[in-house]
C-alpha cells in the first residue's frame, strides 16, 4: 500500500445527556482530558494522545464517526486520493475544526460506516504511572471497533485489499464469511465486521491490563446502580480469546471491556477459521448472550448530511439471532 | 449449648461413574488423598484432614450424608443424647466403618437432610505451600452446604435454637423467611437453607483464595470440554457477597466455587435482611440464573434405609422459579 | 476459660502530624469513620464496627494500646477479675471516655505491652458492597498484632494458658521458642510474639482479599511519593503463608498488608514448628528484609502513667539481626 | 529501510546440564515443542511458531545467538547485503541446518552481540486456548532481549539509523545515553542496551498476561527449591512500566518475567527520557537490586569461531554498580 494506517484511534459518539454519560464513563475509569459545554474528551490510562473517545451532546444517540490514525500527513493525502480515485466522496475536515485533531478526511465506507483518517492529534501526559488515578475498569487504551454490516465479504475485501488490513480470525460456513477480525496494529483487531442489519456500530472495545479490573468494573457498576448496563459477560470468546464484558452506556452505545489478545505481527500467522456452527467460537465459556446483544447496535451518521444512515438487511440469514458471527 | 459444632466438614456423594467424576474433580484442582475401587477421597489445598469430599460409586446419584466436625468426642456424645431426647433416630457409625473417620452418628435432620456429626478424622499433610500442585480452581477448602427445604423457618429454628448456629444473612418478605445463611465458624455460612421442593442438597461450596482462580477454572473446564458443566456465573451475589461460579458435576451434583466472605465472629453483627423482592440480593451483578439452578438439586438418602427421601412441596410459593431465595 | 476473647480488634497509635498520617492512610484505602481535631478513626471495608485503627495527635509516636474484643460485658468483668487475682493493676476506662467504645479495661501484659479488653463498640455500615469506595490496598479488616518481646516463652505461656489463645505456628531451636503465632479467631493469628528488645509493637496486620490489591498498593504508594514507606515485600512468609507487604507510616509505625491465611478452627490442627535455622520460615520467597525490619519497632506506653515503657534485652540472642523469629 | 525486521524472535542458549535446565523451564510453564538428546525447543502459550527459546547442551554456558524475525526472505537478503556493504562478515546458515528454521544469517553486531536474522520458522499449534496446560508463570511469548554493551550510544545509533528500530525510553545524563529501549514491534522494546562490560546478554524478557502469574511463579519456584533462582523482584520499573521478576536459570542465564508494557505504534510518541540520577527510573518500587543483577550477565559467542567474545569496559563509568542504566 502507498499509505500506512496505524490503528483504530477514536470514536465520536452522540449522546442525549452529556452529564449522565459523564457519570457513567467516569465510573469506568476513563480519564477526562477536556470537557466543555457540548462535549467530553476521554482517554485511557496509557494513551499519550488527547482522546480516544468523544461524547457530544445531541438530540439523538448516533455514531458521528470512527477514526483511524495514519503514519503521516502524506499518508492521509495518498489515502484520500485513493478514495477519490475509487469514486468516494471525501469530506475534508481542516485543522482547527475539531478539538485537538489535525486535518482529517471522512468518508462513508463500503458498508456505509462513517470513517475518518488523520495523522495528527495533540499529545498529552500519559497517566500510566499515575496509579492513584486508576479506578473502575482501569481502561488502558482503545483497542477496536466492531461493526455490523449487511455484507461482510464485501467489507472484508475492501479493508484487506484496498486498505491493507490483515485478517486474524474469521467465521465461515465454508461458503461465506459471516464475520471477520481485521488488524493493522499487530493485535487481533482494529476492526471487526459481523453479519447483520447495517451499517451500525456494534461496539467499541477498550483494552484492560488484567482480568480483575473487569471484575471490579462489574462490582463498581453494580454499586452505582448500573447493573442493567452490564449486558453480557464476564465470559471468554473463542474468537480472539477475549475475556470480555459488554456494557451499554446511558444512550445504548455498547462498550466492550477486553483483556486477552495476542501478537499478530508475523506474516505466517494463519487466520484462524471458526465454523459458524461451532458454539465455542462465540462463547468459549459464559452465559448465552441476550438477544439484544445480537439485535441492537448504534445507528451511524452520514458524514456529509449528518443524517442517520438507513439500514439494509444482511445477505446471510439464519433464523436465530445468535447467527450474526 | 452443651456441645460445640465446629464447622461443615465433608459431603459423601454417590456417583454413577467414578472415573468420569475423577477426571472432573481432578481438573478443578482437588487433591486426591486416597482412591480405591469404589471411592475417591478429596481435599482442598489448605486442608490438614484426610478429606472434605467423598465420591462413591453407586447405581444412582445421591447425597449419602453431609457431615459436621465437632470439638471433641464428648461433644459428639452430648449432641447424640440431645437428638435422642428430641426423639430422633440416631444411627451410630463406629470407628473403622468409614475410611479415615472416627466414630460418628447420623440422623435425618428436621428437614429430612442426612446429617452426620464426628470429632475425629485422620490428619494428613497440607498442600498449602506445595504450590507446584496448584491447578484448575485451586480449591482451598470446603466452605458450606446449601440445602433446599420445604420449610426454611423450621430448619432455621432448629439449627439456631437447638444446634447453636448463628444467622449472618436471610431473605424475608416481612412475614416469612425464604432463605437463611447460618454459621458456626465465623464466616458467612456453614449451611444455608433455601425454600423449595426438599429435602435436597442444592450445592456444596468450596472456598478459593482469589477471583482469578475462579476465572481460570472456567477456562480450564472449557478447554477440557466441560463448558456445559458451568451452570451459572461468574457473578456476585448480594447475599454473602460471594463471587461465585456454579458447576454441575457429571452426575448433576452442584459445586459452588466461592470467593468473598467476611468475618462474622462478633455477637453484635446484625444479620443482614434482604427483601425477597430486592433483585440485588441474589444477583448483585451477573447473568440471570437458568431455571435449572432453581429447580434442580441432588436427592438425598435416608440414613437408615439408604433409600431416596421423598420430596415435599415448599410452604412458601411464588410463580416464578426465581423465588426460592 | 471463663471468658471469651473473640479477636484482635483495634490499635490506638500516637502520631506527630495527624494530617500527614491521614494522607498516608487514606491512600491505602482505609475508610474514615470519624475525624476530629485530635484523632482519626479508621476501619476496613468489611468492618461493621466504628474503627479498627485510631490515630491520635501526640508529641511523640507511640502505641497507646492494642485492644481485643470480648464476647460480652460479663466476659470483660471475669477477665478483669482474673487479672486482678493474678496481681495485675487493672485500669478501667468507663463508657463515654473513648469515642464509640463501651467500657473497657487496660493492663500492661506480662511482656509490658499495653493491652485493652472491651465488648462493645458502636456499629456502623459496612462498605463491603460499596465497591466505588475501594481504592489503594482495599484494606478489608484488621487481622493481627505482632509484638516484639524479650521473653517469648513467657508471653506464649501467659496467652495460651491464662487467656485461652491457641498456637498455629512457632519457631524453635529445639530448646526455646523464638516466635509464636497465637489466635482466638480461627485464623493463623490475632497476635504474634517475636524475640527481641521489648516490649514493642512490631506491626499491625490488615487483611486484603487478594494479592493484586497489595501490588496495586505498591503502585499507588510509589505514585504518591511514598516509595520509601515500602520497607519489605512483596514476598511470602513460610510462617503463616502470608503474602506480605510491610509499610512504615509517617511516624514509623509498621503496617502489614496481608493476604493468605488458612482456617485454624480444628483442635487437631497441630501447630507448625519451624526451625530457627530454616530460611524458608521467614522468607518463603522475597528479598532479604532490611535490618531495620528486625531492629525497629514502635515503643509502647504505660497504661497508667502514659510514659514510654523501657526496653529489655531479649533472653535469646544471636549475632545477626535476622534471628528474631 | 529496504528491509523489515518484525520482532525479537528467539534466543539460543548453551547450558551445561540439559536435564537440570529442563526441570527449571518446565516449572516456569514453557511449552516443550521438541526435545532431542542435545537440545530443547520451548515456546510460550500464544506462540504459533516452533520455538522462542533453544537450550543446547554445551561444555560452558553461553549465548550462541539472539534472533530476529523478518517479514520475508527478500528482507533477509537485503539486510544481509546491507551488512556486507557495511563491512560485516555475514555467516549464512542454510535451511535444514537448524531445527525448524529456514535459512538465516548471523553477524557479530556493532557491540559484538551475536545476532541472527531469519524469515521462516516452522509453525505449530498455539496453546493459548489449551488452558489445561497453563502452569507456573504461564509464559505467553518472548518479548525482548537486554544486552549489556560498552558503548550504548554506538549501539543505539546503529540499531536506530541502520536497522530501523525506534526508541521508546532511554536514560541519559544530558550528555550521554546510559541505556536505551528500542523496538520494532509496537511495544516498549525488542532490545534494550545498557552501559556495562560487554558484549553480554543481560536477560531475555518473556511476557505474561497478568501480574498474578508472576506471583504464582515465585510460589512455584520456592516450592520446588528454586528460591535462590529468584534474583530480583517482584517490583516495578519506572522505565517501561514493567512489573518484573528476574530469575537465574541453572546456568546463570537471566530470564525476566514481565507484565505491563504499552502500545508504541504512533510516530508522535516521544521517547521518554529518564535522568540517570532519578531513582524511580530503575525501581519505581521494589527492593534494591543485588549487585549481581548489575555485574553478572551471560557471555556471548563469536558466530564465526564459536569462541567466547572478550569483554570491553564501558565508556561511561560511575563508582556504584547501580549505574549501568
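Which chain is which? They are A, B, C and D, in the order written, and residues in each are numbered from 1.
In this text, a residue touches a chain if its C-beta (ideal position, glycine included) is under 8 Å from a C-beta of that chain, and two chains touch if they have at least 3 such contacts.
Protein identities per chain, from UniProt: A, B, C, D = 3,4-dihydroxyphenylacetate 2,3-dioxygenase.
It should be emphasised that the depicted structure is a prediction, and the values quoted were computed from it without experimental measurement.
J.: Provide the labels of all chains in contact with subunit C and in contact with subunit D.
T.: Touches both subunit C and subunit D: A, B.
J.: Farthest chain from subunit D, comparing Cα centres?
T.: B
J.: Using mean CA coordinates as chain centres, what's the subunit B-subunit C distance in Å?
T.: The answer is 34 Å.
J.: Need the CA-centroid distance for the pair subunit A / subunit C, whole Å please.
T.: 50
J.: So what's the Cα centroid distance for subunit A and subunit B, whole Å?
T.: Their C-alpha centroids are separated by 44 Å.
J.: Quick check on subunit B: which residues sit in contact with 2+ other chains?
T.: In subunit B, the residues touching two or more other chains are 129, 210-212, 219, 222, 284.
J.: Flag every residue of subunit C that touches subunit D in the complex, lowest number first.
T.: 211-212, 215, 218-219, 221-222, 227, 230, 232, 234-236, 243, 280, 283-288
J.: Can you list the subunit A residues touching subunit C in their complex?
T.: 27, 129-132, 134-135, 210, 212, 216, 219-220, 222-224
J.: Residue numbers of subunit C touching subunit B in their complex, please.
T.: Residue positions touching the partner: 6-7, 46, 48-49, 69, 71-72, 120-121, 123, 126, 128-129, 140-141, 185-186, 209-211, 238, 241, 259-260, 262-263, 265-270, 284.
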